[in-house]
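Both complexes below contain subunit A, partnered by subunit B and then by subunit C.
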Partner chain A sequence: MSGSRLPVAASTRFYRQHPLQLLLALLGISLGAAVIVAVALATRTAALSFDRSLEALAGPMTHELRARDGALQEDLYRRLRLSGNPPPALPMLEAQLRIGDRQLTLVGIDPLALPPGGPAPGAVSSELPRLLTEPGAVLVPETIAAETGLRPGRPARGTIRERGMALLPLALFPAGPGDWLGDALLADIATVQELAGREGELDRIQLRLAPGEAEVLRRALSPTVELRRHADRRDTFDAMTGAFRTNLTAMSLLAMLVGAFLVYNTMAFAVVQRRATFAVLRMVGTTPRQLFHRLLLEAAALGLVGGLLGIALGLVLGQGLLTLVARTVSDLYVAIEPTRPAIAPSQLLTALAVTLGAVLAATLMPAREAARTAPVALEKSSAAPGRRRLQAAAGLVLLAACPLLLAVSGSSLLAGFTALFLLITGYALLCPALLRGLLAGLLRVLPRRGGVGPALALRGVESALPRTAPALTALAVAVAATVGVAIMIDSFRGSVASWLERTLQGDLYVYLEGEGERLAPDWEARLAALPGVETVAAARQRTLRIDGEPLRVLVLGANAVASRSFAIVTGPATAAGDMLAAGDGILVSEPLARRRGLTVGSTIELATPAAPLTLSVRGVYRDYASSYGAAVLPRALYERHWPDRELSSIALTLAADADPQALRRQLLALGAARGLELNVNSNRAIRDHSLAIFDRTFVITEVLRALVIVVAFVGILSALMALFLERSREFAVLRATGMTPRQLLGLVLTQAGASGLLAGLLALPLGGLLSILLIDVINRRSFGWSLATRVDPAIVLHSLLLAVAAAALAALWPARRLAGSDLRDALYAP
Partner chain B sequence: MRRASLLLLCLLGVACGDRRPATGLDVSSALGGEAAAGFARASEPRRFAFPEDHNAHRAFRNEWWYFTGQLATADGEGFGYQVTFFRIALAPAAPGRSSAWATRQVWMAHVALSAIDAGAHWHGERFARAALGLAGQQARPFRVWLEDWQVTGGEGGSFPWELAVATEDFTLALSLSPERDPLLQGDEGLSQKSAEAGNASYYYSITRLATAGAITVGGERHTVTGRSWLDREWSTSALGADQAGWDWFSLQLDNGADLMVYRLRQKDGSTDRHSAGTLLGADGRRQALAAGDFQLQPRRWWRSEDGTRYPVAWRLQVPGAGLDLRVEALLDDQVMDTAVRYWEGAVSVAEADSDRTLGRGYLEMTGYRP
Partner chain C sequence: MLTAKGLTYRFREGGADHELFAGLDLELAAGECVALLGASGSGKSTLLNLLGTIDSPQAGAIHIGGRDISRLVEPERTLFRRQHLGFVYQRFLLVPTLTVAENVRLPLDLLGVPGNDADARVAHWLDAVGLGSRGESFPDRLSGGEQQRVAIARALVHAPELVLADEPTGSLDAETGERVLDLLLARAREGGGALLLVTHSEAVAHRADRVLRLEGGRVTSL
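On to the complex of A and B.
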């Protein structure tokens, strides 16, 4: 009995005597857990926000009919309604409405078709007669009324597609984003057809179908119409943002990995420091098994407390991350409004389990070591050389497994991440041996140069290595992670910047704000006629179906600006120009090519208003605009098969003597004269804006990277502090033999700095390898983008400085304490 | 009369005690409170002409084609049905508009089936605009429709009329041929509903239509025959402000006479003096009934799920015609749980003291609240 109770007392006493150690251990564990929880919270909430906006779109309906291209003909609705026992069906037509400087969505519905029992603004009923019979009659959500100043009964002016028109707000209704039909102006469908000049057309028909009805309906539809399940859009969202979320999760696991090193370090240290105590325990009859269990129990307690603290911290941290995640998702994928933070209990449990698992795994080795060693040996020092060799060998095996795994795993993202962790773990196992080798090399060089100081300092580092190795490894891994991520981001940014340079061949770009906003076709000629304009290149942005999948397609005419703006990755360098001139074929973006296994000569099927077209891929171009994929079609081909002639944007090149600012003002005035608020931006402004979005996207990565560094810093702090505190006696001897406190401080800081430098040097190769893995494997497998690697020497320098500074900073407090301590106390301390 | 008031209750929002959570469209408020200015009013008797008057009278705000009837299979399984089309004008005149959806007319339809022996009652409700061919009325050939629910006749309204309705629960495919000439209700077809001039409707009925066809319910098809009653009414305004609801009876007696009476209830529960009726004898003699010519007394009350109590058995006396009848629901629960809730169902008619069966009919009760 006493045998099992004694170790408990020993543990408690140890941590009571070393509260800082306990605190740092808990801090490290909880930071690791916090990052996991925060990332889980942020990504889950973002997904839920999307669900909510999806629900708002769907309301009580389950399916939606849309034209595969363009608009639905209203006759489809009539036929659907007149068929036997029709399902609840709501026709909808949307228009982008500008009131003042506000861009609003106007949704036309048939109020009489609102499904019974479904949510609908009460004003639809109370204002029904006027809503149906008064031209221009609209209902206004209170939120929009507050922003625009629209008032019931007061006529207002608005613009749709360059045409001014009179609106009559009938009533306000209390609704906002998140309510079905709640975030747009509502009107009768006749009103919207007339205001938008789209008589005869619908955008979609929402349906509520019972299971089985969808298939029957689908069979009866013409091929130009598609029936989509609202729930499927969730899958699309998942597919679109999957890679992004995986990356976030990977970053949080990286933080956990570094945290695990920290725990390992703490536990190893706690064992080392208590060798004498354990020896005594063994001598009074504690069995190795009891000791082992006791240490694991201790670790479990630490893990549990740290994990719970981490969850609390993570919930706070997650709110901050959520803003970043929501912004990135909105910037890159679909606009979402972050809802209340939400996390599943299972996710919290997982975070706790991962934390506990990491803590226990990290404790396993030190605990076994402490339990297995004979009582006498316990009192002496550390890991046998045999074990060290074994560890290094294991590291080598893991490192070797890494390229093998990559070679056989095709394009699996999971395998990519596994390789990443194999690399880190293998390298970490190898670290102690590398440290030793590095030190030995340094020591062999140094003494000849004379000077006792550096040699003494390095010998101190060497003698402390068995105890500092885990902490230095953790620091090295953390620094390596920051190096790898920094190189990746830097390469990414560089690639995007040069891609933008290439893509933005025009001097000025003219377009309308807002998704789906289009310019009348005559703008092309109007702009070409302006003095100072050399060439115009018009583009249409359309969502077309390629092999059954809706994709962004850019329609371009044959001109020099368009031809030059594509960097061809696969295919002849002139593929873009050739295709546009020939008016046949298609270019696909790199992510699309990778995802669908397309290459030059592959054929795809493009849905058109009539029969589908089979087109041959003429080239694969670099594109960072969409990780989902995009394509380019020649204008001549588009105009052969589609009736619409409206434009999305027009690129202008200017004569050498033209004044871009004056021209810009002229263009704005031209737009204003037509009631249009044109966007006229220089290529530079667009590039800067794009890069700003890019930088925003990576803010979250930077934040996570900083968190990893914080975790590592806590690790190195706790390791060095414990180390130096333990060496109080040794330092006291040095003081006694004549070293001044100042010299001692210098010695300790030098040792710490040297340790940091070692860790930093070790981090560089790993960082390089990580960046290669991130750029060529992870990025390519998750987004389909190839990047040109570039290594900024500043990154290397920063990382070394970071490592040295972290180590020195960690040593500062113990060093000052040592330098100022009472010699006698230190000398005779037990 | 009844139908007038049902719709007007909708229109005026009198019966809009909408106890359900938000519904897709709250008709009572949707169609309520419209000014009557610009619409024609029923203020004096007019000449009726058939088949022309089977068609819509679009100068008036409201109009309906109201079919009820009792049918039975060869082995005596009994059914009651209701098929009603309401036309509702939202504005007196339509400005020229370019969208095919633009309209000033909307349509509402209520359908119901009571399976007497099974003790079940189903109903359905639809709305649509009179545009895009979704709903409307046309003369050649005669047709009233809301989506795929419809009544069709021959060129110029000739009989038989075919009635076709399909809901999730049941389908009706019935053929109707009149056994009697149209009966002009009220004063030569002008039916005064409250004191104010113009608060009246034009109202005629075809009290007996031989009916044959098929009812499909629960996957089973029943061949049925029986008799229907058609009410046609159009107006712009009818009910007065202090009228709360009504009890309306359409009875086909076995002796060949047909009886229509309605009692308008005041908000204080008393009988409005504009309550009225018509007795059409087997010989075709028409006898107008004023409020004082008949008495109605509830005999049994039934409480519906929402707590509303409906009088489902009545004593109806017409002393001048020597009638003392007990009218009782064939099924207690024939509540129409539509945007405006009311009770409409098949009833039996018996001699009050002997319980000898004298006929059958339909009863409508509105304005009852929990």
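On to the complex of A and C.
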């Protein structure tokens, strides 16, 4: 029959006669594909934006030299220039400059060493002599000049590290392709050294090295200096954001899974509707295999068209998601500015392939069912009891495989997601049997004196089950996904709120705006001396290399505030206080411990300015600030090995009678008197701000969750619409018997609502199981965080309402159409 | 042409086994028109399904054209049915999304009959059943009698060796039923193929060459 066009014509005409059914199927498929494309587009663009930021930072250079701790000595640059065959090298020193209320970056460079493609070539060459000789001479980007009012030739005042100074803008330069230092003022490096009080120091030396040169140079460097490849930062970015991207991809696959159920529903329904046709085809000699192939071909065509539509839709949707992804990446990882949306052709092909795969997989069962259609056996139900049992048994097997897989897969995230999909698929296979059981229970408890109405409604649902079961399953899966994700987010938020409560033990926190901005050591004593301040607890936060990996480390002194602010998950509850008091050892965060397999007693190697230091892990603490990992060092230990005494923040505990607002004003004035714009925030303000970031982070999850619901809604709409339209003769009989159109509308909506309620009830156990998997497996394996599960009854109630409303809403249009249809036509339709 | 020997057929319903036939025998010669009478539930349609490779007996053998079809497995059963059998049912069983001409053409298409030949055969059979001008219509535009004539044309278009007709006139008025019956009998007698006609009607049965009755799981001649 492969050459026969008649079965194809029969299929095509079937969809032509049911255009809405076709449209809804395509909509469901394309929505699933669109979510995949949108997530791919948003995450890829975020990565490209990071690349762009890297390029801006590195320009034409390939490597950079940095001190392992503190600053580079300028002498290194001199020796590099005097070496036999010096590579292109640019020394740089940065300082945070405040002009008026604007915080700016001033970058000191060697103007004579600017490589081609460097910033402001015109301004540098025309002003070179003055740039090298005039005190305070700077070149100003036009954008900054417009914001600050800096003008060439007009002296200005600025502050660097609490010291006021005179600046002399020489010229403005436009932003352009060579503007790889971003919006920074440029000056000769000697000028910045003088202004910042860092004579003889450099932050870094940018290098352009040919292949092979890096290794030669690395061998010649002292152990206190490290050579980094710019490209390596991309790897770090990928590592940091990997779990986040994986989670987004998983959500998009979940949308596709629900979309696949929708396809399953569409195809199963299309098979049921054409059972008579298939029976005839079988009678006249079409083999089961031919029927099977024909349906798969039909599904492939639907998948292809739906996939292509989905790609177009996904490109639009992706633009919206991009903003959310960029914001989350900026909030949690590194600041990025979203660039032009970009997606690789291979990603589009992958999305199309996943869509086609999902559609074909979803069609396998209906196609098999069609292939098994007995010739001329018209009135059999869609699934014989034997096969229903087989399906339920397969579901149980998949569910049983879930914990087994988790038990043997260690910490594999892929296995975690596989278990998640096994759980969903297994439960979905069980759903028809569970639906039948639930309905049978409802029918049994139905009051016998309630008249024919309730029985009519529920028996209508029961008789429709063979056809509606796939759609109700899709709805149950979608609602379960929202229940699971909602419980996970709620538990996560609750855990973060408790953690913030524990961590923020101080009443007020004092720090400077801007990364790397530090307070002078004397601020600790200055604040302690203020009336109303009971205790101060200073913290130094910086990046140190632990086992060769740069990690955020918090240095704390031994005090009650610091000791109380850690929830220890592994080790004695007093581990933090004990370690800080002893001045030895290290605390590692839960994600770091999980990622690196650390526990109490493990040793790590910490790079210090001198020799590496081996430290014993004293405890593992809960930390939701970084999924990458962090650590805590005693201040005494830090000060034994590092000369740095500067502070990142100071926590103040206030006396009971102190007025926090008055003290805050006093602190701001104290800072302003020294040219500093201090940040003084209460623990409540910091907690609220952190939770606001948390909520922003999960906006994208909420958006994807809403999309999953939309996909499911389309499924239930198509199923109910087709079902009710098909039962129009049955409803016509009811009308002929005396049921008013309004009563009929009520009956149909009741049946739809009851179906939705069944789906909602079925969704709850799956939602609960999903939340356990998300919280205890996926979340732990992705981020290393443990969360306290909490179930808000409102989530359960909302989910039930959602399912009922979705089903009733989906039935509204077909119900109105039925109620308003011509009775004679419906009764005597062929 | 058709020999069925010792057919046994059981089915399970309501948790109990029911035996419809035990050792049923039946024979049809080529070109012979045989009517099969029987009460409702006596197993007439089941017997037709067994002979038509749609169902299988638990025991016994069925030979059609010398071939033991009870031993066939899929897809041989389907291929056999495609090539050697034609079906007519009380409920017409036309494909609603194919036109009248396409419905008739379906068996030829499946057999890979070339286009021109198929066109000619379809035209011939549509003329023969009096629907030459309705080829482009869809089944739902036809009356019951017209739909049954399309079903007959489809059952005969590929010149099968055996035509199995299950109550072909059951849902037609007397006059239309008569015309449909004429068509079927004429085709069997002229074309050399056998016809097994299941009916409730004694009048219909008596137009056949031989009348059989299915009762208590056995076939007896009347």
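Throughout what follows, the second predicted complex is superposed on the first by the 787 of 830 C-alpha atoms of A that agree within 3 Å, B and C clash if a C-alpha of one lies under 4 Å from a C-alpha of the other, contacts with A are read in each partner's own complex, and residues count from 1 in each chain.
The working rule: contacts are C-beta pairs under 8 Å (C-beta built on N, C-alpha and C of every residue); 3 or more make two chains touch, one makes a residue touch a chain.
This structure is a prediction, so every number in the text was calculated from the model and none was measured.
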Which of subunit B and subunit C A:Gln193 touches, first, second, both or neither: first
Touching partner for A:Gln17 - first (subunit B), second (subunit C), both, neither: second
Contacts of A:Ser463 with subunit B and subunit C, given as first, second, both or neither: neither
Contacts of A:Ser222 with subunit B and subunit C, given as first, second, both or neither: neither
Which superposed partner A:Ala276 touches (first subunit B, second subunit C, both, neither): second
Contacts of A:Thr323 with subunit B and subunit C, given as first, second, both or neither: neither
Which of subunit B and subunit C A:Thr543 touches, first, second, both or neither: neither
Partner chain in contact with A:Val284 - subunit B first, subunit C second, else both or neither: second
Residue ranges of subunit A in contact with subunit B within the complex: 74, 77-78, 81-86, 110-120, 122, 124-126, 128-129, 132-133, 135, 188-191, 193-194, 199-200
Residues of subunit A touching subunit C in the complex: 1, 3-6, 9-11, 13-14, 17, 276-277, 279-289, 374-378, 830
List of subunit B residues in touch with subunit A within their complex: 20-27, 29-32, 34, 90-91, 94-95, 97-104, 106, 125, 127-129, 131-134, 147-148, 166-168
Touching residues (chain side subunit C, partner subunit A) in the complex: 49, 52, 54-55, 74-75, 78-79, 81-83, 87, 89, 91, 93-98, 102, 105-107, 109-112, 140, 154
